[in-house]
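These notes concern the structure reproduced below.
Chains: A, B and C, in written order; residue numbering restarts at 1 for each.
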């Protein structure tokens, strides 16, 4: 009831203020865009691109940490300690992540970008020219990866912990090594949980604002998979945050419209994730 | 044969036992334990798991280390007694931002906890049928609202009522509530569902009306868990930056009035120290990291509190 | 040593080609287990103390005793599954055909390939088909499974477990779709498919109805022709029905370790127990 009202309120306010933006023409839009979709399209790409990179970097360690906290934990204390570390990481404010990414990670990433640009330029991701500052999509993706890692790891940890002990023992009793036991007794049952966790992380990565806004200095309307250049596509959330303070009137409406687009995409991702999460163990 | 092939003191006792085992068992098991490849894979997986832990721990350690190293230089009394009013360069403090954070967070909790708790009670105690399903769906949707969209929504609401361009602490609290309400609903629902059903039935069997059973029996039993859920909700929103940047704005001055004018908060303070550096850039960086240190300390305290709370309250109740 | 099955002499190998579970081809494998001064611990708690026991090959040995006497713990020590519980360990020596399973450098993974186990509750892998469940031991090891050889192995193992006729038309269905008794027989087929010498059974019938129990008991008798079978059971009548030898364990009080009280041929132990505690338990005065 109350929650419904709040949600309805959110939707109504956004729609009233942002809806008309879809039809705005040049002049009313920020960054001198000629139409709403010319603005929204590249930004949506940027958001998805950064989120994909973050997911690719975060998924393997998230699963690894979840295994470390459950199957591989030498004792219960270690599992609890690891859970606390994850909680702590999840609780670090995103602005602090941004600060860290910018001041600590980006300088370290500069040489990495240069190396990738020199030796792997035939991959479209590393076409370069490499940014000397390290303030690249790659760095932003890494920062966001660290941010979503605890969310995904927590989800995986929960599903791994649900594996019946008897199933793991069945694997071991058949002469499986620890890894084989994990591979055949733990992972198959946890597949849906892992995918749901990945979706959750992906959704969070899409909406992540501050870290991206601080690390990247975006080029408007750019669509590029190049992750080491200093010309970066912007993300919806970061664009809103960085443009909002200087926007007036209809421009604000356009930003709210962009927010609607972001909301729509996140919603879609979370619906898919929940579908998969709810699905029983695949036969 | 697996084990017999290993050097073994006093093995091979029975005549021909070793040979016999070898002869009878198919070659696939005729190795000393798992094959090299299988053992290598097993070892590789273990190494990968350890590496994953390292990869997770390194950024956290680096972040804490940086915050302590760079922030502690400004962790002085002035930091907590001064605002940034009129400060360009060194000096100044984050009192205004800390005050703003406390005020806005308190306002957010005041809005979100009753609302979220009410929804959770409805869902666990009364929730049947379509309305409940719709409410559950709505909570799911709200969880997936990106925080910046929550900020936009609050902005839209306040500009519809008070005219465009309005910024205030209250608007910030509304934005954060959009994020916090579903968190409170989720955690409260979980805690309420753990209250044993026979406790409710016992109350109902005494002839008490439903709402009284909830107030007298269910809520007190669930109180520690509910409190811890609320505290975790606060920990979740206290570091939110983007929505506050939009609707609460930033100021260098103190502002005690939630309803009027821009109000600084810790996360936005950190952001603005970085984004609009004055002449003495190092001083701004130091302030930013000092702010980060204070904010992270706040979050840790809240988390520890949320964890420590339930058992203590549970103990109190047992002793009563 | 009172093994009912004669200890066979070594015969030349017939090779791998058909991979049958035909007893004749396994004659060489013995599966004689000797326990010497075995202690099992959970952390600092001693759960089983100083057990020395001979388990003859090709026979059913039953572990009986009251709850908490450590019989399941000891059983799990035989295939080194006890130690996978956090903080749990065992010492002493357990030899299989003279090879110490707890010797230096012995990989527990190798031990478990030779000593299979069937659990209290049927635990087929839910994500695998019936066929893949039978082949699970091979799949886990990363061995091929699509071939004709695999088909033959599946059939012979399922026949072995008296399950073939019931499932031959739905081998691709998930293992969880079977009834409890069928699932337990599937688990037996799965254990047999890796060709162990020893089969450990931890109360395999405790979750089953009487008819399924009877089927499993019959199966145990048959399996004992080719395997060393060790079964833990709460059910005295079952021990009497299926086992050749019985070992009685007991515990003197809470916090005390379980100990082996008496072991011997089942008929002797049941009719003329040497230790009063055994008689009390068998007569139902205790436990």
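In this section, a contact is a pair of C-beta atoms (placed from the backbone, for glycine too) under 8 Å apart; a residue touches a chain by one contact, two chains touch by 3 or more.
Note that the structure is predicted; figures quoted are calculated from it, not measured.
> Any chance you could check whether A-C or A-B wins on number of contacting C-beta pairs?
Looking at A-C and A-B side by side, A-B shows more C-beta contacts.
> Compared with chain B, which chain's mean CA position is the farthest off?
Most distant chain from chain B: C.
> Could you tell me the distance, in whole angstrom, between the mean C-alpha positions of chain A and chain C?
49
> Using the average of all C-alpha atoms in each chain as its centre, how far is it in Å between chain A and chain B?
Centre separation, chain A to chain B: 17 Å.
> Specify, in ascending order, the residues of chain A that touch 2 or more different other chains.
Touching at least two other chains: 175, 177, 180.
> If I count partner chains per residue in chain B, which residues reach a count of at least 2?
Counting only residues that touch two or more other chains, chain B contributes 34, 38.
> Which positions in chain C touch two or more other chains at once?
Only 109-110, 113, 141-142, 194 qualify.
> Going by the contact rule set out above, which residues of chain A touch chain C in the complex?
Result: residues 73-76, 164, 166-177, 180-181, 183-185, 188-189, 191, 281-283 of chain A touch chain C.
> Would you tell me which residues of chain C are touching chain A in their complex?
79, 81, 84, 86-87, 109-110, 112-113, 116-117, 119-121, 123, 125-129, 136-137, 139-142, 173-174, 187, 190-191, 194
> Applying the document's contact rule, which stretches of chain A touch chain B when the two form their complex?
Those in contact with chain B are residues 1-4, 6-7, 9-10, 13-14, 16-18, 60-65, 67-68, 72, 82, 85-89, 91-100, 102-105, 146, 149-150, 153, 175, 177-180, 182, 203, 206-210, 213-214, 237, 240-241, 244-245, 248-249, 252, 255-256, 259-260, 262-263, 266-267, 269-270, 274.
> What residues of chain B sit close enough to touch chain A in their complex?
34, 38-39, 41-42, 44-46, 48-53, 55-57, 59-60, 62-63, 66-67, 115-116, 118-119, 122, 131, 134-135, 138-150, 152-153, 155-157, 159-160, 164-165, 177-178, 181-182, 185, 235-236, 238-242, 245-246, 249, 267-268, 270-271, 274-275, 285, 288-289, 292, 295-296, 299-300, 303
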